[in-house]
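Each structure below is given as structure tokens.
One chain, chain A, links the two complexes that follow: it is found with chain B in the first and with chain C in the second.
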Partner chain A sequence: MTDFATFASSRTARLVGRGLLVVLIAFPVIWVLFIANGTSFGSAVSDPKDFLITLLNGLTAAALYFVVASGFTLIFGLMRVVNMAHGAFFLFGGYIALKVQRGQVGEGGSFGLSSSQVGLFQWVLPLIAGAAAVAGLGLLMQQLFIRWNQGQELRQALITIAVSIIMADQMLAHFGGVAQDIAWPGTFDKFVNLHVAGVQYTLTRLVIAGIGLAIGLGLWLWLKKTRTGMVIRAGVDDRAMVSAMGINIQLTFAIAFLVGSALAGVGGVIGGSFASLAPGVDANWLLNSLVVVIIGGMGSLGGAAIGALLLGLTTNFAAAYLPADYTFYSIIFTFVLLAIVLAVRPLGLYGRPA
Partner chain B sequence: MSAPGTDGPLLAVRDLDVHYGRAHVLQSVSFEMGREPVSLIGRNGMGKSTLCNAIMQIRPPTAKGSITFEGQELVGKPSYKVAALGIGYVPQGRRLFESLTVDEHLRMASPRGREKRRWDPAAVYELFPRLAQRKDTGGTQLSGGEQQMLAIGRALLGNPKLLIMDEPSEGLAPAIIEMLIDTFRRLADEGLAILVVEQNLSVATSLAERQLVMVAGRISTETTAEALTGDPEAQRRWLGVERA
Partner chain C sequence: MSARRPTASLDRGTAAVLVAIAILAPLIFNTYWIGTLLTQMLFLGIVAASLIFLSAYGGMVSLAQVALYGIAGFAIGNLTTNGNTKGLNLGWTPLAAIPVALAITIGLGLLFGALSSRSVGIYFLMITLTFSVIANLFFGQVTSLSGFGGISGIPAPGFIGNVDHHPDRLYYLALVLALLVYALLRYIARTPFGLTLQGIRDDPVRMSSLGYNVTLHRTLAFGFASFIAAIGGVLFAYWNGHIDPATIGLGATIDVLVVAVIGGLSRLEGAWLGALVFVLINNYAQRIGFVSDRFHTLIGVVFLVIVLLSPDGLMGLWGRLGDLRRRGERPGQAPTGGSERGSGELEPTV
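Moving on to the complex of A and B:
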């Protein structure tokens, strides 16, 4: 054991580690670009079209990961609350939007609504309703349960787990166990010609990327330029000092919880349109958010963006560029990514000690 | 303005007891101050910073007793309300925000509303021109002296009636300390009450005539700057320093 410890801290070990890191990053890149034996697409140089589509899929998935995880990381950064109900908030936002859309348009056929029946407004209104409902629910949870347990991080995490379990059962009771999806509006549900390598790409995914970018930019401006944003950044550094300056940090906590929860709701509506809503989706999205913020560093908005990009690209490229016989194992690469990041930076890429 | 308690002391601490777990950190501390500057001196670990935190109600450990400011009870109030009553706080170690630039510190702290107050960011830049040159520098990337200026400016933006400073001279060069003492005197002349916690004898004595001495969680003695300056034995006993 001590022998290993001495070795691990030696210069040789660091060189070996760095070499290993370079190989771990370089090999997948070279594989995808030039080799890709036995995969369904072949290497990027021989099949640029599918490479581009996979890249776009990765980027658009990243946009959705970012929307959801940014809310999670905002709440954690300021209040040190690990909101384990974030996934349940995601699913709840989706279901509310689904109900609102069905209320507007009707139930549709046995497979639900099709996009030709849905106008733009009949998607945007459910989006706003879903986000608002979750924002209200998050604020309620924070005021009723979280606020009185400030500084007791384990207790707060357990409370949010309790909330998520209760919500999961209630949603199962009210919305059923069958997967349902929110219909995209007809305006979005078509292919566009990108005029690059003959790629026809779904507009809905580009819309997701656009929403992700807009939310990222909006959050950045909010945190950077407004007084509330400054208070939030200062609060991340030293809450007690912000309060000693005469600023009611409780109000800021409430705002952050409201916005963070609303982002889970927005994510749920997009996720419910892009994929579907069903029991279990909540746990998946909680896990996605956790992975993104662990990679990027808990509490950092930039970290959430980088984490979301890495996760989105890794999952999509692993699924597309493993040899066909091994595609089943692509999920492992998420954990390989986590292991590499944590080995190099145990607090995540942009993480800071609390 | 005849607010309640205007005639009484500005700040009155009565029988204040503070515990951290089982440690009895402050033991029935009592003192009063008006608008005259007051120094609180004592060695490390005597409870000076705990007293400051107790006044500001920062993460109040179990505090019993009473602290009144202009007649209003502070014990049990959230610290933002304490600050809003008119107490500015410059904590030990400055506690600036790593994520904020100089200008952001001041903008965040600046008074709301249109009414013209004594202190706004422009007035702070006028008081400390050095800060004006470093507007876009991160708060924690400043030199020690500049950090102290920023911490003071940040506290002034609350337009306080009382400024509590916890070891403002800690870790600073003598020239900077001189400059700060000068600033404090100007602020005091403007009518700002100052309670300064110090281990540096010359700072403590040049700022205030009243000297409160803290030993093992109690205010053990009250003396004057004059008496203390002429008494090396007292300096050794209470501050553990010999004056060069």
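Moving on to the complex of A and C:
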């Protein structure tokens, strides 16, 4: 045991570790750029068009990961509450938007509504409704159950798990087990010519990226430039001190929970338009949020952005650039990404000790 | 918070009566109870015990136990089935497959442990949860090992025979293993390794400065708990004869957490008590009119109420009742049980 410990902290071991890390990062990059044998696209040098599309897919997926995970990390950073119901909130926001949209436009055909039937307002109003409903629900959960268990992190996490069990079962009862999706407005649902390598790219994904950027910028301005944001940043560092300064920290907690939950709802509406809403989607999005914040560092907005980028690029490139017989294994790359980050920085890239 | 000690709160008489009932159960209960409810209670209890062991003695609440249990089950399935199903269909004899399945699970458990054991508390919970969801997606996507349909027709070893015809054989095997697991976990807790682990739970910084390798002890404890979870997984594979990714999905992960929390996260006995309550709710709640198909909502509500009211679970309630009884017998004497200190606190030591 002692020999092992001595070895693990020795200089040689560190060098070996660094070397391994460089190989693990460099090999996939070289593979995608120059080799890519047996994949459906071939290497990036020989097929820049599909490389560019995969890159854009990764970036736009990252935007959606960021929207959802930023809410998660905002709540955690300030209150140390791990909201395990974040995935259920995502799904709930999507379902509310779906119902509002169907209420406005009608049920549509057997495959639901098509984008030509939906105007911009008939997507934006459901978006606002979904976000507002989830924000209210999150605030309710925080006030009823979380607030008086301050400081008991595990108990709070268990409470949110209980809420997620109940929500998942109730959503199955009310919205059914069949996958449904929210229709994009006709305005978005088309291809645009990017004039680079002849890529025709879908506008909806660019809209997602735009929303992700806008939300990121908005959150950054809110946290850096406003009084509430300053209180939140101070609270992340020292809650007791902020409270002692006469600031109503409970109000700040409520605001953070409201905004964090609303972001899960916004993510759910985008996710429900981009993919679909079904039982089990909540688990996937809880996983995505957890991976993003574990990689980036809990409670850090910049970390969430980096984590979302890494996860989005990894999943999309793994799915596209594994040899065709092995594409099923792409999920392993999520694990490898997580493993590398945890091995190098156990608290995540931008994580700080509590 | 660091004073929480796992205590044996069942006195010997109660324990002897419970074991006697368990041994005589096939004479008392009908086949449905033995083959479905009680066997399920025993192997679910084993998995939950691996979670409670890590939580009570190591201060680590792991959500990866169901993934490890599933990995053992999928390994058994791939090794022993012979054609006509998904997976590798290697067609080994069941007994030869058991050590290999356990070894694979322990190996992966050590890897998971090495990656997560530098984190504590809520971080550890989150990291192990991601392992669990990734394992579920892995078996769902990798069709050469399972795919969504899963592996069917997993044969049990010859001495168990057909589980449907001889439910009591698998029941007794599960009972013996559950008792062994319980005894082993209690024994490990008293070895130097177990004592060091409890020291690390209470004060990792001090243990580290005393020269103990904190991360290594946590990793080894995780590897050991994955061995326990794997036993439960092998039993599950024989009991169900079929395993698919839904078996280890987020729902199943949370189910085992619910079992452990209902029983009590700080007492090993709670694993089987929680499992019994869970299995009964799972099987009988549907017969209650207003519950019918929404028994998961009922489980969620029960879970929520227990977390809010008694963080030590039912074993915590039992301990507090015991304290009340003792106080009644000897008036004026303050309760000395460990449960008093534990009540209201659920935090693993950070």
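Simple rule for what comes next: the second predicted complex is superposed on the first by the 354 of 354 C-alpha atoms of A that agree within 3 Å, B and C clash if a C-alpha of one lies under 4 Å from a C-alpha of the other, contacts with A are read in each partner's own complex, and residues count from 1 in each chain.
FYI, a contact is a pair of C-beta atoms (placed from the backbone, for glycine too) under 8 Å apart; a residue touches a chain by one contact, two chains touch by 3 or more.
The structure displayed is predicted, hence computed values, not measured ones.
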item	value
Chain A residues touched by each partner, larger count belonging to chain B or chain C	C
Which superposed partner A:L217 touches (first chain B, second chain C, both, neither)	neither
Which of chain B and chain C A:L20 touches, first, second, both or neither	neither
Chain B versus chain C as contact partner of A:V29, first or second or both or neither	neither
First, second, both or neither for A:I249, with chain B first and chain C second	first
Touched partner set for A:V236, first chain B, second chain C, both or neither	first
Residue ranges of chain B in contact with chain A within the complex	56, 58-59, 78-80, 82-84, 89, 91, 95, 97-100, 104-105, 107-109, 154-155, 158
Residues of chain A that touch chain C when the two form their complex	1, 4-5, 80, 82, 84, 145, 152-155, 157-159, 161-166, 168-170, 173, 280, 283-284, 286-287, 290-291, 293-294, 298, 328-332, 334-335, 338-339, 342-343, 346-347, 354
Complex contact set, residues of chain C against chain A	61, 115-116, 118-119, 121-123, 125-127, 129-131, 133-134, 136-138, 141-144, 213, 216, 249-251, 254, 257-258, 261, 293-294, 296-297, 299-301, 303-304, 307-308, 311, 345-348, 350
Chain B partner contacts - residues on chain A that touch it in the complex	227, 230-231, 233-234, 236-238, 240-241, 243-250
